[in-house]
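Chain lettering (A, B, C and D) follows the sequence in which the chains are written, and residue indices restart at 1 in each chain.
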Amino acid sequence: MTTDMSTRVGALSLANPILTASGTFGYGLDLADLCPPERLGGIVTKGLSPQPRRGNTPPRIVETAAGMINAIGLQNIGVEAFCRDVLPELDARGVTVVVNVFGESPAAYREVMARCERERGVAAYELNVSCPNVSAGGMEFGHDPALLASLTAACRAETAKPLWVKLSPNAPDLIGTGKAAVDGGADALTLINTLRAMAIDAVQRRPVLQRGFGGLSGPAIKPIALRMVWEVHWALPSTPLVGIGGIETGRDVAEFLLAGASAVQVGTAVFRDPAAPLRILGELERFCAGEGITAVGELIGGLQWPC
Amino acid sequence: MIARRDLAARVAIVEDLTPTCFRLELLCCEPVAASPGQFAMLRCAPGLDPLLRRAFSLAGVRSTGDGTIVEMHLKEVGRGTALLRRLAPGAPVAMLGPLGNGFTLGIAPGQRLALVAGGIGLPPVLFAAEMLAAHGSAFDLFVGASTAGELYEVDRLAAAAAVVGGELVLCTDDGSRGEPGFVTAALQRRLDAGRAYVRALACGPDPMLQALGRLATARGLEAELSLEEPMACGVGVCLGCVVELEDGRLVPSCKEGPVFPVSRLAARWRA
Amino acid sequence: MTTDMSTRVGALSLANPILTASGTFGYGLDLADLCPPERLGGIVTKGLSPQPRRGNTPPRIVETAAGMINAIGLQNIGVEAFCRDVLPELDARGVTVVVNVFGESPAAYREVMARCERERGVAAYELNVSCPNVSAGGMEFGHDPALLASLTAACRAETAKPLWVKLSPNAPDLIGTGKAAVDGGADALTLINTLRAMAIDAVQRRPVLQRGFGGLSGPAIKPIALRMVWEVHWALPSTPLVGIGGIETGRDVAEFLLAGASAVQVGTAVFRDPAAPLRILGELERFCAGEGITAVGELIGGLQWPC
Amino acid sequence: MIARRDLAARVAIVEDLTPTCFRLELLCCEPVAASPGQFAMLRCAPGLDPLLRRAFSLAGVRSTGDGTIVEMHLKEVGRGTALLRRLAPGAPVAMLGPLGNGFTLGIAPGQRLALVAGGIGLPPVLFAAEMLAAHGSAFDLFVGASTAGELYEVDRLAAAAAVVGGELVLCTDDGSRGEPGFVTAALQRRLDAGRAYVRALACGPDPMLQALGRLATARGLEAELSLEEPMACGVGVCLGCVVELEDGRLVPSCKEGPVFPVSRLAARWRA
């Protein structure tokens, strides 16, 4: 038996539910030799800003128990270079491209989107709202529902394409921010971004990362991500969700779908195994076949609850 | 760049080289084309501990009847290297590589390279020496270690140098073998004595590389340094392993390196 | 060189900084054959309520990547049985006992403390505020600063002994709740309790735990716990802290001390290795000796920051 | 209770018993006193994956010149058991035990026990059979498996039964060996035929234990069931492994069990 692996995130149809997570698969072509992006549901680009960004001084990464902390500082080539040097080939290969966008002001977000709107080949936008809003005194967009609603509305005005907002697990009110994003016009919510964390070098008596803090990702965070996906699905049952956090196996994907995600993103697993997204897709196919599932969509939100 | 692949390798040999270092040879079924300076990312254990692969320089690649043997030299410093040291022959090890660039080995007739290694920086330098010897390109070898017991593969080094009439200079910090003191001082003495090199190729601890960067810059000698940054992916997508360049840019050393000409690097490598 | 391992949490002196975490070492005697409690800085009891509690229907635990989720449901023998059957022997052995207290109303917390006040052998109290306040509609005490301040003040009135409040990492405002506890009269803050999490059985399409959600503990959460300890120490530098979360080694302890903890608690590690608290103490001693540290207190808050 | 200790053991033997099950023998330097029904918590690998130890029933304990051999039978079902299966002789394995209580083996002359095992529930039953045989206490053995290839240690079972003139009844779900169908049906046939037992001792999958609980309750036969609950600590402090009793209490099965008289357990084990 073969399972229909296609899925939909709102209006966007995907060949399968496996996407790559922003910041872990470059701009979509970097690992094409090891993991052809056109065979995935889609790729999410490294976060793009209007201008190229240099990022943080190293050390930027540190391994932890079943996880890692990163403080890359949103280094990227800028939207112009992406549209010029990368997007045409992604388009030619038929890759479903989600552009991850960030900026320090709503205008900066809009600038990235406006530039992409001039090109073909972008399937959707994902707003990374875990970055500080300079005009609002450094408060992260994703931590304040009002700020987030207005940011989302501003971006909504820029495009007719699907607009996803990526929620921060560090926000004081996860569901409130999710609702705010939907109120602002988001078509889907993606969650979770990394959890604020820290590693200390006990001999040097310093943080390991030059920035002190960073974001925790990897299998360690999966139980938290799964809980958050289910909570947001429970609160906003009609909002499409894209699940992220520590996905390593096809069975992990099935868990996120059951919790209410319509698709998932694979992040840190790519660092362990650059072909992980494809491997995971194969595992998910075999899991579905083994369970007699004819269409992977059957799993979405299928968790039996209360138990 | 040579195509990257995740090779299903098996342990052929694990054997001690010194009290702290060991040789790991992996057997792959497929041919592997690699240059000295390139590295591979090894998964140290099945499962999630440790989560990330570890980077190791290639010390050599040779064909056998069964496939290709990829040689590495590891120093046990933590969990990953401890797990690899305990592997039995036949154990499977996922190996992604070869990755990164390599040293610039090409020289014109009459020219000579200086190969400089410190500690566990030897693998790519040994690989380069054996490849240069096979091509008949001239070089001198400067190999340093903390103490005599930590010097290893001296016969292979001597044999490679001998092929091209090169000098093998051994140095130990404690003077227990070879010239006492640092390899860079030994190189400096040769330069002072008028020996000329078209380029120095080096791998070793940061202070050694910085000393070499200073020396090379002062003497107008080209030098390439193989740097060691913490890596998560090894393939250019996590941006964890960045190195600062002359122009202030931060570039992933797994992709644009690990070998960099000193002149491209930020000033701290030269000052 | 031998290091002076003694430490102080506010007014309370401890022979060394290693305590056991509530819910992971029984009532202090359960593992005495494997890990003599009198050799530790102290033990924190399983959470005690006025009456015995049955706890949740199983399954109650599930393993995750470098962690576990539990939903024990605060099963305990009740304060009466503890005072009658356990405390005298703990006292006779010279164990430093911290009683972990919880209830569904401030009166219930006070009842537990009042009962203990009649005995000798209690060194301090730790309030577990991750339980729902029945009178406040199920809102967790630890999630609302005002609620927490008044709970703490009510408990403060009950005892002259040191009063610790254990912060929940799920609170919307960690520092706000920490401040509220101090304002209410807490002598020290302990952190962190478990992170709300979930595991799903993809074949059964149900949560693994009978309660659906549970609390994540173990090495997976260490980077988050360390970050929270440092954040609270930064915000409240004169408040003594007790660090908890994924501690497995002596070096982990050094990291928590550097982040601002005056002592630590070892939880999930005990399940892997019942002698873990003693092993960790030995490792910490060796670490200190290796670093030439004459008194372990030197480490407390010693992190160099900004980097 | 017999004192609990974390024993530094080493792998003596790992060998396949059936396509899915294997024998693991660990060698400890110290003497180990254990009763059938008790279990040990094994660390499956160094490091954090998997995080928790796994519980395994003891299948036997014997002294050798070097120390004590602790025998276990494992079924490979997940990561932990897969890792243990791949261990080489000599590998260190931390083993905490013996833990929990055991079966009640004492009987008066002329009395007879029924020992009932299903699948990987055999280890404590084999242990009990061999201990009873050594004491000359009478028993019959009912051992079930899905198929003939999953029955193992039949010779040892037969030998133990023979010592005391007991019957060994083999059953397979698919009828490929012994009596077709479940062990509980085989036991029921003996009871129907008038055979009398003072007590049944059982270990196996939950449905088998429940069927036995029903049968024993219906026939007024005492029965002890060895239960298998997910465990984190194995020593009574996490309260993860609770079992519901008759009186509604939830008690840790690692401490008050894993063996419980059916009469003490909640109704679902009897109905």
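In the analysis below, contacts are C-beta pairs under 8 Å (C-beta built on N, C-alpha and C of every residue); 3 or more make two chains touch, one makes a residue touch a chain.
This is a predicted model, so every value here is computed, not measured.
Novice: Suppose chain centres are the mean of their C-alpha atoms. Which chain sits farthest from chain C?
Specialist: Measuring from the centre of chain C, the most distant chain centre belongs to B.
Novice: What is the distance in Å between the mean C-alpha positions of chain C and chain D?
Specialist: Measuring from centre to centre gives 37 Å for this pair.
Novice: Could you grab the centroid distance between chain A and chain D? Build each centroid from C-alpha atoms only and quote it in angstrom.
Specialist: 48
Novice: Chain B to chain D: how many Å between their CA centres?
Specialist: Computed from C-alpha means, the inter-chain centre distance equals 55 Å.
Novice: Among the residues of chain A, pick out those that touch two or more other chains and give their numbers.
Specialist: Only 64-67, 218-219, 248 qualify.
Novice: Could you list the positions in chain B whose residues touch two or more of the other chains?
Specialist: Where chain B meets two or more other chains at a single residue, that happens at 48-50.
Novice: Could you classify the connectivity of these chains, where an edge means two chains touch, as line, ring, star, complete or other?
Specialist: It is complete, because no pair of chains fails to touch.
Novice: Mind listing the chain C positions that touch chain B in their complex?
Specialist: My answer: residues 65-66.
Novice: Over in the complex, which chain B residues touch chain C? Could you list them?
Specialist: 48-49
Novice: How about chain D: which of its residues touch chain C in the complex?
Specialist: Per the stated touch rule, the residues are 3-6, 43, 48-53, 94, 96, 229-230, 232-233, 235-244, 248-250.
Novice: Along chain C, where are the residues that touch chain D in the complex?
Specialist: Going by the criterion above, the answer is residues 23-26, 30-31, 33-34, 46, 54-55, 57-68, 70, 72, 75, 218-219, 248, 268, 270-275.
Novice: Quick one: in the complex, what on chain A touches chain C?
Specialist: Where chain A meets chain C, its residues are 64-67, 69, 172-173, 195-200, 202-207, 209-213, 216, 218-224, 226-227, 230, 246, 248, 251, 254-255, 258-259, 287, 291, 299, 302-307.
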